[in-house]
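Below are two complexes that have chain A in common, paired first with chain B and then with chain C.
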Partner chain A sequence: MGQNDKNKMGIQGRHFIFILMAIVVAAPLIFRVGLPLRVTAEVRQVYGFLDRLPPHSAVIFSFDHETSTLPEMVPLAEALLRHCFRKNLKVFGMALLAEGAAVGDDNLRRIGSEYDKKYGEDYLFWGFRPQFTTAILALGERIDHEFPSDYTGQDIRSFPVMEGIENYKDIAAVITVGDGDIPVYWVNYAQARYGVKIIPAVTAVMATTMYPFLQSGQLVGLAAGLKGAAEYEMLIGKPGRAVKGMDAQSGAHIFVIILILVGNTVMIAGRRRKGR
Partner chain B sequence: MHRKLPLLICFALGTFMLVQFFVPHKASTALYEAILDWVQIIYAFSLLVGAMMLIKHHAVIASGRDAKERPFSILILMGITVMLVAGLFFGRGEGTVFHWLFQNVQAPMQATMFSLLSFFVASAAYRGFRARNSQAIFLLVAAIIVMLGRIPVGEIISSYIPKAADWILNVPSMAARRGIYIGIALGTIATSLRVILGIERTYLGGK
Partner chain C sequence: MNYGITVAAILTLAIYSFLYKDNPFYKAAEHILLGVSVGYFVAVTVSTTLIPKLFIPIFSEGKLSYIIPGILGMVMFLRFSKKLSPYSRIPLSIIIGVGAGVSIPAMMQAQIIAQMKATMLPINSLSNIIIIVAVLSVLIYFYFSQPHKGAIGVGAKIGIYFLMIFFGSTFGYTVMARISLLIGRLQFLLGDWLGFID
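And then the complex of A and B:
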C-alpha cells in the first residue's frame, strides 16, 4: 500500500467518524429519548439561594461570553432569567465582552416579555464596559458612575428600577454567564473585596476552574454547561432546549468513549500482530 | 528621562493602588475612582488602535496582488464597514439592521465554527487517545468516568459512576487546580512588585 493510498484511507476513516458524529448528535434532537436527569448539589444551591431571595431584590446578569458558545450559554441564561423574573427580582444586565452585549440585551427582553416585565421598571440593560477588572471594581463604588447611560443611551437614573441601587451593597448576587476566565475575576475582585455573592453559569469546560472557589465557599453554587442548564430547567419546572440537548450530548459522549475503546483495541491488536 | 517618567508614574500609581485598599478615606476613594476611569479610557483607546491596525493590515492585502488572500481581506473590510455603519447610524436595538446581522450572521457563524470542535474531538479520540503507558491509562480511565458521569447514561449504568466522576473533579483535579492557582498568585505578586519597583521594564519596549 503506497503513502497516497494510506492518506486516502485516513481521510475516508475520518469522514466516516464525522458522519456518525453528526447522526449521533442530530438524531436525539429529532427523536426525543428523554433520559432521566440527576440534579447536582451545586445547581440546587443556586436554585435555593435565588428562590429564598425576597421579591424586588436586585441581581446582576453579566454576559461575559462570545457568540461561539451560544448553544451552552443561552440555555443557562434563559433558565436563570426565568427563575429571577418568576420570583419578581430586579434584573440588571451588563456585559464585559462586547459580543455579550447584544446577546444579553436580547435575552433580557425575550425572557422578560414571557413574564410581562417592563424595561426600566422591572429590568434594565446597562451595556458593555471594556477592561473587565476595572469595570468590576468600579461597580463597587458607584454603578451610575460606571454606567451613566443604559444600552440604548438613556440616563440610567431616569429608570424607576434603579431606585435605591448605588453599588454592590444593594445587589443580592451577580450571575456571571461566562465562557472564559471572567467569572474568576468576579470572585477575585467583587467577592473578595466587596463580599458580593457570585453565581457562575459557565461552559462545561470551565467547571473545573470554578470548583476550588465553590469548595472554599466563595461561590453560592455552580451551574455549568448544558447539563447545568438542563438541571436548572428541571428545578424551575420548565424543561426546554437544554433538557432536549442533553440527549444529544449523551449520544456524543458515548460515541467518543466507543471511539477511544475501538482505537485502543485496534492499537493492541496491531501490537500483538507485530509481536508474532 | 523618556524612560524615567513612565517608571515614576508606574511606581507612584502602583504604590497608591496598594495602599488605597487599606485607606478608605474620601480623598483616596475619589482618586481610586479617577484611576479606574482612566484605565478604562486608555483601554478603550487601545481597542481603537487595534481596530485601526486590523483595518490597515487588511487594506494593504486587499490592495495588493496576492489573489489568494485578497478576497478574505476584502470580506473582512466589508464586514467591518457594514457593522460600523449599521451600529453607528441605524442603532443597535431590536429590529435594527445591526441586531439582525448580529443574530443571523455573526452569531450562527461563530457558533458553527465552535461546534466543529465536536467532530475533531471525535476524530482525535479515535486516533490520539491511546493507552501507551501507565500515565496514559490513568488519564484514559479518568476521562471515560468523567464523560460518563456528566451524562444521564452514567447514572443508568451505575449510581457509582457519577459519584466517581464527582470525586475525580473534587479531589485530584481540585488539588492540581489549587496548586496552579497558588503558583499563579505568587507569580503575579512577584511580577507586580518587579514592575512597581522598576526592576521589570520590558513593558517600556526596547532592550
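And then the complex of A and C:
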C-alpha cells in the first residue's frame, strides 16, 4: 500500500466519523427520546437568587459574546430573560463585545414582547462599549456618564426605566452572558471592587474557569452551556430548544466515548502487535 | 420565503463543506464572515462610542477637554509612519500605566486574596480535604526552586494527578460546547430552514 493510499484511507475514515456524528446528533432532534434531565445546584442557585428579588429590582444583562457561540448563548439568555421579565424586574442590556450588541438588542426585544414589556419603561438596551475594563469600572460611578445614549442614540435619562438608577448600588445583579474571559473581568472589577452580585451564563468551555469563583462565593451561581440553559428552561417551566437539544447532546457524548474507547483499544492492540 | 434564513443556511453549509476538504465555497463564506465582522465592528464602534462619547461632547456640548483623549487616540495611528511611530508610545504608556494601576489591586483582591480565603477551610468534610490537598499539591508542582524529589516529589506527583483531572474535565466541557454548536446549527438547518422540526 503506497503513501497516497494511506492518506486517502485516512481522509475517508475521518469523513465516516463526521457523517456518523451528524446522524447521531440529528436523529434525536427529529425523533425525540426525552431522556431525564437533572437540575444542578449551581443553576438552582441562580434561579433561587433571581426568584427572590423583589419586583422592579434592576438587573444588567451584559452580552459579552460573539456570534460564533450563539447556539449556547441565546438559549441561556432567553431562559434567564424570561425569568426576569416574568418576575417584573427592570432589565438593562449592554454588550462588551460588538457582536453581542445586535444579538442582545434582538433578545431583549423578542423576549420582552412575549411578556408585553415596553422598551424604555420595563427594559432598555444601552449598547456596546469597547475597553471592557474601563466600561465595567465606569458603571460603578455613573451609568449615564458611561452610556449617555442608548443603542438607538436617545438620551438614556429620557427613559422612565432609568429613574433611580445611578450606578451599581441600584443594581441587584449583573448577568454576564459570555463566551470568553469577560465574566472573569466582571468578578475582578465589579464584584471585588463594588460588591456587585455576578451571575455568569457562560459557554461550557468556560465552566471550569468559573468554578473556583463559585466555590469562593464570588459568584451567585453558574449556568454553563446548553445543559445550563436546558436546566434553566426546566426551572422556569418553559422547555425550549436547549431541552430539545439535550437528547442529541447525550447521544453525541456516548458516540465520543465509544470513539475514544475504540481508538485506544486499536492503538494498544497495534502497540502489542509491534512489540511481538 | 425568508431569504435571510436561506442565505444563512447556504453559508452554514459552505462552512461545513470544509469537513470534506478546502474549497472555494468555504473560502468565500470565510471571507464574507471576516468582512462583515470587521465592517460591523467599525460601524457599531463609531455609532455607539465615538459619536456619543467623543464627537457630541466636543461639538455639541462644548466639552473641549475631550479633545485631549481624542488626540491621544489618533496619535496611536502614528505607528504606521516609520518617522513618527515613536510618538504612538505616549498614549500606549498611559494605557499601560493606568491599566496596571487599576488591574493589580483588583486582581490581588479577586484572584489571590479571595481564592486564598476560599482555601482556608475547616478539615471536616471530604470535599474540603480534597480542595486543600489539590491546591497545595498543584502549588508544589509549580515550585521549581527545588528538585522534585522526596516529599516535594510526592506532592508534585499528586499535583500532576489533580491537573490531569482538571484537563480531563475541561476537555469534557469543550467537547460538550462543540457538540452544542453542532446541535444549534442542525436545529437551524432542520427547523428554521427546512421545517422538519419545531
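Note that in this section the second predicted complex is superposed on the first by the 276 of 276 C-alpha atoms of A that agree within 3 Å, B and C clash if a C-alpha of one lies under 4 Å from a C-alpha of the other, contacts with A are read in each partner's own complex, and residues count from 1 in each chain.
We take it that a contact is a pair of C-beta atoms (placed from the backbone, for glycine too) under 8 Å apart; a residue touches a chain by one contact, two chains touch by 3 or more.
What you are looking at is a predicted structure, and each value in this text was computed from that prediction instead of being measured.
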Original post:
Which of the two partners, first being chain B and second being chain C, lies in contact with A:Pro130: first, second, both, or neither?
Top reply: both
Original post:
Once the shared chain is lined up, is A:Val262 touching chain B (first), chain C (second), both, or neither of them?
Top reply: first
Original post:
Who does A:Arg142 touch here: chain B (first), chain C (second), both, or neither?
Top reply: first
**OP:** Could you say whether A:Ile30 touches chain B, chain C, both of them, or neither, answering first, second, both or neither?
**Re:** second
Subject >> Contacts of A:Lys227 with chain B and chain C, given as first, second, both or neither >> reply: both
**OP:** Give one of first, second, both or neither to describe whether A:Pro183 is in contact with chain B, with chain C, with both, or with none.
**Re:** neither
**OP:** With the two complexes superposed on chain A, say which partner A:Gly104 touches: chain B (first), chain C (second), both, or neither.
**Re:** neither
Original post:
Which of the two partners, first being chain B and second being chain C, lies in contact with A:Met21: first, second, both, or neither?
Top reply: both
Original post:
Thinking of the overlay built on chain A, is A:Thr69 touched by chain B (first), by chain C (second), by both, or by neither?
Top reply: both
Subject >> Set intersection of chain A contacts, chain C complex versus chain B complex >> reply: 18, 21-22, 25, 68-71, 99, 102, 129-130, 137, 151, 193, 204, 207-208, 212, 215, 225, 227, 249, 252-253, 256
Subject >> Footprint of chain B on chain A - complex, ascending >> reply: 13-14, 17-18, 20-22, 25, 35-38, 40, 66-71, 99, 102-103, 105-106, 109, 129-131, 134-135, 137-138, 141-142, 145, 151-152, 193, 204, 207-209, 211-212, 215, 225, 227, 246, 249-250, 252-257, 259-260, 262-264, 267
Subject >> Residues of chain C touching chain A in the complex >> reply: 19-21, 37, 40-41, 44-45, 47-49, 51-53, 56, 99, 102-103, 106-107, 109-111, 114-115, 117-118, 131, 166, 169-170, 173-177, 179-187, 190-191, 196-197
Subject >> In the complex, chain B residues that touch chain A >> reply: 21, 29, 32-33, 36-37, 39-40, 43-44, 47, 92-94, 98-99, 102-103, 106-107, 110-111, 113-115, 118-119, 121-123, 125-127, 129-131, 140, 143-144, 147-148, 150-153, 155-156, 162, 166, 169-170, 173-174, 177-178, 181
**OP:** Report the residues of chain A in contact with chain C in the complex, numbered from low to high.
**Re:** 11, 15, 18, 21-22, 25-26, 29-30, 68-72, 98-99, 101-102, 127-130, 133, 137, 148-149, 151, 153, 187-189, 191-193, 203-205, 207-208, 212, 215-218, 224-227, 241, 244-245, 248-249, 252-253, 256
